[in-house]
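Going in written order, the chains are labelled A, B, C and D, and every chain counts its residues from 1.
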Amino acid sequence: MPDAATADIATVLAEVADIARPRAREGKVADYIPVLAEADPDDFGMALVDMDGTEHLYGDVDRPFAIQSISKVFSLVLAMHETDANDGVAHQLWSRVGREPSGDPFNSLVQLERERGIPRNPMINAGALVIDDILLDHCEDPKRSTMDLLETLAREPLDVDERVLDSEHGSLHRNRAMANLMASFGNLTHEVDEVLDDYVHACAIAMTTRQLARSIRFLANDGVEPDSGERILSPELAKRVAAIMFTCGTYDAAGEFAFSVGLPCKSGVAGGIVGIVPRRMGLCVWSPPLDPSGNSLAGRTALHELSQKLDLSVV
Amino acid sequence: MPDAATADIATVLAEVADIARPRAREGKVADYIPVLAEADPDDFGMALVDMDGTEHLYGDVDRPFAIQSISKVFSLVLAMHETDANDGVAHQLWSRVGREPSGDPFNSLVQLERERGIPRNPMINAGALVIDDILLDHCEDPKRSTMDLLETLAREPLDVDERVLDSEHGSLHRNRAMANLMASFGNLTHEVDEVLDDYVHACAIAMTTRQLARSIRFLANDGVEPDSGERILSPELAKRVAAIMFTCGTYDAAGEFAFSVGLPCKSGVAGGIVGIVPRRMGLCVWSPPLDPSGNSLAGRTALHELSQKLDLSVV
Amino acid sequence: MPDAATADIATVLAEVADIARPRAREGKVADYIPVLAEADPDDFGMALVDMDGTEHLYGDVDRPFAIQSISKVFSLVLAMHETDANDGVAHQLWSRVGREPSGDPFNSLVQLERERGIPRNPMINAGALVIDDILLDHCEDPKRSTMDLLETLAREPLDVDERVLDSEHGSLHRNRAMANLMASFGNLTHEVDEVLDDYVHACAIAMTTRQLARSIRFLANDGVEPDSGERILSPELAKRVAAIMFTCGTYDAAGEFAFSVGLPCKSGVAGGIVGIVPRRMGLCVWSPPLDPSGNSLAGRTALHELSQKLDLSVV
Amino acid sequence: MPDAATADIATVLAEVADIARPRAREGKVADYIPVLAEADPDDFGMALVDMDGTEHLYGDVDRPFAIQSISKVFSLVLAMHETDANDGVAHQLWSRVGREPSGDPFNSLVQLERERGIPRNPMINAGALVIDDILLDHCEDPKRSTMDLLETLAREPLDVDERVLDSEHGSLHRNRAMANLMASFGNLTHEVDEVLDDYVHACAIAMTTRQLARSIRFLANDGVEPDSGERILSPELAKRVAAIMFTCGTYDAAGEFAFSVGLPCKSGVAGGIVGIVPRRMGLCVWSPPLDPSGNSLAGRTALHELSQKLDLSVV
């Protein structure tokens, strides 16, 4: 039987769904690859997972979807973990990728050329490719290591969506352009195809709304997975990831999210958005139709309402 | 006689000063106008003002300096206040200026041309010029209104630094270029010289570290000046300003500040940085030498240390 | 009584007019200032003036119009003349303005900012402003000197179109933006308003199709005005001007003109285009409606036909 | 026994060599691939071939070198030839590549992104890649067809420099970036690797100064190879190629070449420059050290002197 607070949150979730869900109709499901275009625009899920493991759930929280760009958070975490563990110098990473908002659409080559192959941050495609290049230096099998990390965090076995994987491989021209441009500046050292292969694999990992909310929690807990007590990152590195999510996690809408949600978030093109409330919870919303900035439209509405009703904003 | 907490903070301030103050030597005092170049690099002040008015002070907290770009926060506040009061539609303002980080150095014309005269946010020069243009529509005397607002917040009479005022007028080529470019796109409706005149006036207002810490507090208090109880902005608009400070307030170093300080901040070229701790306090640090991104070097170090030692970060 | 060749050219001119004139309907008269928008789209003139002074004329060759950007050629000529005469170092000029096509629309600030205030060539607005700044160093009264040069070349008294002059003064935002940007880089040394005043004056000079064809001839004659024998420029400098016209004289359509006309040309927004056939003639066509690149549509068609029928192309 | 004119030209060539050759020391041999860096900086050749086949030669005119970007002229000629022959619509080609100078360094991605994958002209790398993509639609074996064309023009069997071929394949990051970017805009339809393979092959064709001067002659002869009388292009298309060479053939120095040489030219990074004198001759100069714009330094000096002494300039 739920206690009072949990019951209250259930009521809030239902209210939020009433407001947010209908807005999905104003959005547009991503269609740059066919398999994404087939997404059901009515899918909608919300999951909040407290530090003690209590789950507050609404809607399609157990239907898996491709995490897409949300993987960029976990790839960064893995790279920090590996470089820190192996060298004690996670900071080296920052000579190859910046930590500032890009101000440009998420796949611009202009900035990359002007800044001589150094991407603005690890949350944009170019930055994630550099992170994947770094992983190839530190992991024997980055695909396996990424999966291991996510299974550790989700505490369940996970799969890759093979249809997304195939589909993505057919639409890599722009990522390939960026990878080659960075290689021409010496900021990609492994074979472009090898890097892209890992990149696409991470994007195609399938997770549920519930699993994502659970998996992101450690960033709200000073880098320690709350159930197992396993340290994933030092408190300092965990905070670094959260800061980057806050300023760079939602494509070209970081300022808008800072105001309307006020939490470190990261969105993916399949309609998922994860967020953290420092020291309180991990959360995830999911609705496939996107707004023009590439973020889930009903998802950001839901996050805004949740932030207001539960007083989550840190700003 | 100070209570225990206050005594503790005094100790913290002394420790922070020991760490931050020596770093000023690594920075460089702004020299684009002669009067700034004459600043004393050894000036150093820190002020934290609680909601109940308690002040925690260290160093040169009563020496006035030109607030420069910190004025952009107050001009925005005034424009929101005026447009909201007069029309109930502060939102109109956002068709003329964005709310997202720029990703470009703070005075770039490239972005302004590409985005057809709409500046990225009100914390960069171009955005502040648009705000000043809007103020000319809503205030009989924007210079007077700005002063009134700041005197209301500081609760003391204030002056303009006439030497800075004269000096600035001689170095306006780039701001004039941006103003004319925006006018060519129809996003500046008053005479360019009139707009620049107000802009320079606001930059030249002289305030002390203590006054600035006090004046910024209302943004940490849902828009209400804590001593008088006067409402300056609605809670929603106050939060909007804080979000913009967080993502756009420190030139090209917003990501770095999000990590190292974790608070909404705004810096000025004379070495001041204001910040707010939601529901707790307003604060200001001051040290003239700047880092390459244009933020006070000892100031950001001090904010980082304060944030850590007093657990202020919201991320 | 005309000789055979002259009679032939008259026939060619009539044929060319039959082809070119109707195309004016597809163009659009410039309307950025009201007085230009009032131009009669049916005005159409062609003038070819041989080295010996023989004139081949068709249509409205004696109706004056504002020479607009065609003035940029004569301002450059004057600057070369003055700097060469005074210093023997016309070459100094080229440290402040380039000689290469811009590749960008004719009034872009992007390139100007990237290249630190050095305009690509003297045929774009920014470049002409630098030339005007240079003239202020070398001429007591640049307006008077420009008029003197043109009257020397046209061999007739000339006037300024006062309505164009007034009208232009109201639409200078973008030029003022560029002037201030260049001033911020130190590449404009006189008062912006003074430079713009001379710039606008040169654009507003009113000349006829016949006068322009006559006035440009000296560039086809190694720098010597053919009737008087007066040397205006050295052969080397005359060739320099012709080369710049060829590669930079028709806004963003230099490549297209090189193919379809094959002559050094310079166009103006009021619909005039001047050209030179080395060692043979000066020519001018006039028709107000413009194509999307800002060149007279019937004018460029006429030049193409003339080039083909009279075998004028140098390529 | 040479006639008087030929003897005179021999004297001129010797004089020109005295002036131009020593300047090679100020240049820098291309070194982006090792095999180019091994070039002998003292190699120097000049060849002028009249319409009747008379050759005027000086220096190392029979030593083969990789034609590099000079191949772009011949690839364009082949594409025009094939599209015109097959469809009667060479013009279709121009919806996929422009005809205007780029204004940007020769391998910039910025312009390509801004203009949605349409390169400025076929003389820059991106434009040549589009031409190669078109050739894959119209030729069964573009490599063979290109060789056939060049052997037809040179009237001698030709080879590819295998060392250059291997070397180039190792340094294609930037070209691969551009190809993928264009593919992302739908302006490259074949496999990127297939297109690059043809591109590199054409660059690696080895020809002598004498062969190149001979091979380019048809563009000075209305599109007809003068010895055989074989028509390669219509007069209109031949003129189109010449116009593009004039305005786009020498990277970022088209304006300077228009002045100092005054002829349609195309340069390659191995130090060759071809040029045409309409209705008079084809010519080629060769000297490996380059100036900062990427053109042979002694080569452009030689062309300037030849143009002056033999009165070749068309401007």
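Quick note on the criterion: contacts are C-beta pairs under 8 Å (C-beta built on N, C-alpha and C of every residue); 3 or more make two chains touch, one makes a residue touch a chain.
All values derive from a computational prediction rather than experimental measurement.
*Asks:* Farthest from subunit D in C-alpha centre terms, which chain would that be?
*Replies:* Most remote chain from subunit D, centroid-wise, comes out as B.
*Asks:* Please report how many Å separate the Cα centroid of subunit A from that of subunit D, as a whole number.
*Replies:* Once rounded, the distance between the two centres reads 49 Å.
*Asks:* Roughly how far is subunit A from subunit C, going centre to centre by Cα mean, in whole Å?
*Replies:* Chain centroid spacing, subunit A to subunit C, equals 57 Å.
*Asks:* Rounded to the nearest whole Å, what is the centre-to-centre distance of subunit A and subunit B, using the mean of the C-alpha atoms as each centre?
*Replies:* So the centre of subunit A lies 32 Å away from the centre of subunit B.
*Asks:* Residues touching two or more other chains, restricted to subunit B: which are they?
*Replies:* none
*Asks:* How would one label the connectivity among the chains shown: line, ring, star, complete, or other?
*Replies:* ring
*Asks:* Between which chains is there touch?
*Replies:* According to the stated criterion, the contacting chain pairs are A-B, A-D, B-C, C-D.
*Asks:* Quick check on the complex: what are the subunit B residues that touch subunit A?
*Replies:* 98-104, 111, 120-121, 239-240, 242-244, 246-248, 252-256, 258-259, 262, 264, 278, 313-315
*Asks:* Give every residue of subunit B touching subunit C within the complex, in rising order.
*Replies:* Listed in rising order, the residues of subunit B that touch subunit C are 108-110, 113-114, 172-174, 176-181, 183-184, 192.
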